[in-house]
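As written, the chains take the letters A, B, C, D, E and F, and residue 1 is the first residue of each chain.
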């Protein structure tokens, strides 16, 4: 794999490093290693801007999401920073009316949820590669990705119960649909206990474990490179339809699928793929 | 672990023994070992009373459900008793009008479903520890619990097909959402075959297997003890939101979660947990 | 197991061979081995006719679906035949209006989906035994079956992305509900990569792997034979209620189950099964 | 219509008077006229007991719900009593933790909702006759009834906004499904303004307006008497299926309906009704 | 309006007369006036064949459904014929097992529902013109149509309760979504009482009332003629999206609408309609 | 009513004029009267910015939306401008691949839908006052508002079919839930015919008709002024819960309502409203 070049138009971000290690592949790195890639509000706002842009960028067909540094994918919310900006935690003596405080919190929560959800809403497939400390927001974020891969040293936890709250940025909403064992989901979410790469693989939370971070990232980039050679119409349609299927009955999903493909099957990609398949050569596809 | 003391206010039940092996932990034992803990109607009515009470009891933060005796968690419905009270089975020659018989059966079924569902509706997390014979109602009951643990000698079966009916107290409704392999679910539900602890672990029906009953119960109590040290606001919210997520789309779940937490995040537990986390000491939380 | 006899009334099909290897068991074989059992439109239309008939046939209580020949369960859509009948692929220069072309495609897709769905809608349980090449439509078809078993040589792929489209006959709608790991589902659906029997078992896509095709088919027939000895009221109700549960919340499922059983529990099968259970003899059940 | 006799087994209630003005008809009167039939907690608990009992009582086939006295169906919640029992309103200086206060309120709300919902869950049709002041809880209660009739002097309001809260006992959940104009629903719910009988009829909130209370009650009783002469299997099934239809898609409703009637159509009531129809005589039906 | 000519390809039906009174308009007449157009099973099977064909027929853009003769749109199910073919009604002494009888009835019901639903599933808009006796199945049938018009002499009833059953062919599923007043729906469905054209208009069940049958049919044909001049892509999309919206949340509907139109907006009809609009001339549209 | 003053912070918009005619009331005027207030893309983007801001603005408690000029609320999409910017309409000979064109259109549609939906998502109630020409987008826009009022001269049409497409910005999704008669909805949506103020009132599309535009606007402002005097916690909660109820079953809505109010009932507004009610004086409420 060639050395990554920077991805045109993505060089102005503070907390994320974005490169293009292969044609049509974007590599997004959470880049605050000194703080274990812990998240500030400015970071999730930036994350949304980036993934919204990747979603519509015709030069991108697959995305790999990783964390900078050796120690952590991300240690989650930067709790100290959050506490500092939170009057009640900082010991403010002024009590807001409960309904008004609720309104402020709801607006903040919805904004936060939407920022993280930008990863799921991104039309291109996102492969998340986790390593080291991967707790709290790491779980929210990675359950928004399509494929989860990890290094053997990854240490996971749904940590929120230990800071006195029920996880609300997506983990509780998505985890029951990412793995099969509801007993296991309840166990890790209620207890906030750590689990390792092997356990994550056994329950199906990740679908590959690699020796170390660099091997895991390499595997993630390789998968992205492969996806980027395929019809973007087919790949992006597959992502859309699988996410829809997760949340709907089979009948609803079949109906939606037929409506989706009544248009998409008219794409030139179908004949391009078919012909190159019959002729045993590599197809090329128009930008999308 | 200290010797269990009886839990105040729970000493008047006929079929269940309720103790408190640790602070804020309730241990509910199905107590009809001579009959393999098989269930009579009086038992599920009592079960509902107990779990409705535990649900709102501020002295309880986690519940462990086990079966008394060495041989069985429960052998399910006490079929002989049921047959005796069922006129058509007992050979009564009077045929009721089908619609009227249907109405009687529906009311009975709904009552039965609601009694067992009391375990799921209990606001506190419930850890179910299964051992020995664990068939029929054992599956209905345990799928209502949050976490399932078993002893190596546990023998499970979705037995209903063998008594001529489709399981209707919850197994068919919940099992597809408790484990990942739908092929396996269909296999065990259609064939009524036995499966053992190892198989239950592989498919994710249970999340731990222990050497024998006493080890399994100990593990269950330990987990309960751990959960009971955590913020009850966080733990109970997590249970509520995970059960909601199981039954709703991700978008619905996110919305519900934000509404839930707009109030719950105002709890003092958040600052208590945060501060004790920063100060590396054990937090205490108000009753709930 | 006795030599299979032909099943009365099912001898007129072109692409499927239907026999009765045991009482109340139908064995449906996809029978176009020279073309790796690849599907033409005439085949899925025939498939629907067959499964609609099996669904209501009182002489059938369980169905086994296999592919003829050593090499493939099915290689999926017969792409060359499909291309020949598809004007745009065949290089026709006449461009249809997009909306009108969409309408034609939607009608075709819905017909195709409904034909394959006949396997799921069949009131009797269907055990699908896969071997060798099992790609594309093989996945759509087998996810409609209740139980999936395979031979060790089975090679699977959700192949559609490689022909430029998102799978639309049911794989994307059902696979997320057949296995637990959503990361794995995304991986195989986005990449169109092959996976083998062992991987299929690990993720729960199949629930048994056997040494070779004949062993796998034997196991499938044995399971069907077992199901066929049980109450058809109980077995068919269990299939109906599990499929309903997959697509509904637990509350919806419980309500539907109670309504279903308010009638079905009045069946004589309940007392027949109960009595024979108490008397340790094999019950017989009326046709359904 | 004969003078109402008391209904056997319903004479022990404090806040409701229950009579039987015609065979199989129960007349439930809210009986706290001195306080404009305003509701205390004890009243809604009693209401639930009564309607749960009516629901299964074979001697009841239709229910009429009215308010005692000339002035009001009900003035809603007894706000003064509620305020007295509510520490924060009563000026208590102790502030509960927000999450714990939320939990208490949620439990109270759910109990309150369930008590009022007993009217909707009652298997027998309920005709609500409103007159005079009919505000707040009057709307919650009447939207749980099947048919709404009123006297010309009825004065309605969704009053909750004026006591600083969004109506939470059912009005906001049901009113959009009781009348067609969503603009009108928003208008009356947001503004808390009064509307009269004529307006209620125009928008379809009530389906009949009568000159005065006695005429309206007479009409309600007459309708109940008519319903009570019909097959209870047909009438109760119709109520169940219409309430299900309100909350489900047409496809879901059709499926549920078929399952319901697969049993219910086997009732002797069908032949009894058909034959008496052909023979132009009044059928009689077994109790249900 | 020109004299109706027969519609090519639709002249072989026994119970329906199909003509083409205007370009792209099909007029389907229920044609069993001697029996008040009462329905036999053969009729609903034929109805399905006809509407399935109209649905895909490029020569049809709008359908009008009426009943032959002066006296009735339809008197519903031909009860005498139904009773004759129904063993239990005909006094057969053999009692089938309840579960097996339920299965037979469910299959019949689902077939019957699907036949009537063919009117709703027809891709072309259907205008139903009712007159005279319009009871029972008349309501099921007309609620599947898009627009309901009636003659002043129309007499409606949801008659099923009077034959001992809850309406199961679609009335209970669709009526709550066809009119706004749920109180009125409950009133007419529970009581089986007659209601006239004026009442039907007031509650919104029909949207036009005309002096007599011929005026009403003329109005229906005129509306169909108008719809047939418009873009069939636009008209058929509108029908599809409105039926989808009825059964889904606004968010689901918006998403489905966008997917539908991502293809359909590429139609040449859009520019054809726009240009002819700007040029004040009548557009013509390709067949669909 | 005092002369409107400009609303601080809302003076920089190109296409909308925003004033504050009363405390806590915002009046948003579509301000492109020379073009009959027809919409350009820049306008709906601006509309979203405005309503997103109003939604969280503590100085606003109710919003009135009107159109400038005598002739039109809005004539809908500025078709000429849209045609000019649309290559296929402008006669461009380059044909884009169908799937890629579909993707572009879907993104545009979703953006457009979201901009208009900002009116519905605005946390404050929105009263829409329509007059004169009110077609196409006028319907989409007004169905997002909470209350619809019109002048006697208002002329409405769901115009989209006449430009060759199915309405996709919200009319088809919301209209079936705004009025009761589905027959009427189908009629106006399929035919694109005009309907007037009287008809709009009869079917419940608007809830008030006033003599002329100025009277209608006055009435809208008066209603807004009234709403602005009430508890914003109660008013905004009512909007949220009614919109939720429209899209969910009664059971879902009750559950959501209880969760919402477990926090909101702790507001000081409840005691403020209750006390001022008991003391017959006007309450004041904190900003929200």
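Methods note: a residue touches a chain if its C-beta (ideal position, glycine included) is under 8 Å from a C-beta of that chain, and two chains touch if they have at least 3 such contacts.
Because the structure is predicted, anything quoted here is derived from the model rather than measured.
Looking at B-F and B-C, which pair shares more C-beta contacts?
B-C
Select the interface copy of E-F from among C-D, A-E or D-E: the correct pair shares over half of its contact pairs, counted by residue number.
D-E
Measure off the straight-line distance from the CA centroid of chain C to the CA centroid of chain F, and report it in whole Å.
49
So what's the Cα centroid distance for chain A and chain F, whole Å?
Here the centre of chain F sits 35 Å away from the centre of chain A.
Measuring from the mean C-alpha position of chain D to the mean C-alpha position of chain F, what distance in angstrom results?
For chain D versus chain F, the centre distance works out to 34 Å.
Identify all positions of chain E at which a residue touches two or more other chains, and write them in rising order.
In chain E, residues 98, 102-103, 177, 179-181, 203-204, 233, 246, 251, 259-260, 262-264, 266-267, 269 touch at least two other chains, as defined above.
So in the complex, the part of chain C that touches chain D is made up of which residues?
256, 259-260, 262-264, 266
With touch defined as at the start, can you tell me which chain A residues reach chain F in the complex?
Going by the criterion above, the answer is residues 56, 97-100, 102-103, 107, 123, 233, 236, 263-264, 266-269, 286-288.
For the complex, which residues does chain D have touching chain E?
Residue positions touching the partner: 125, 146-148, 177-181, 203-207, 223, 226-227, 230-231, 233-235, 237-242, 245-246, 249-251, 253-254, 257-267, 269-274, 277-278, 283, 285.
Could you pull out which chain D residues touch chain F in their complex?
Within the complex, chain D contacts chain F at residues 79-80, 83, 88-89, 98, 101-103, 105-106, 109-110, 113, 117, 120, 160-168, 170, 172-177, 179-187, 189-192, 203-204, 246-248.
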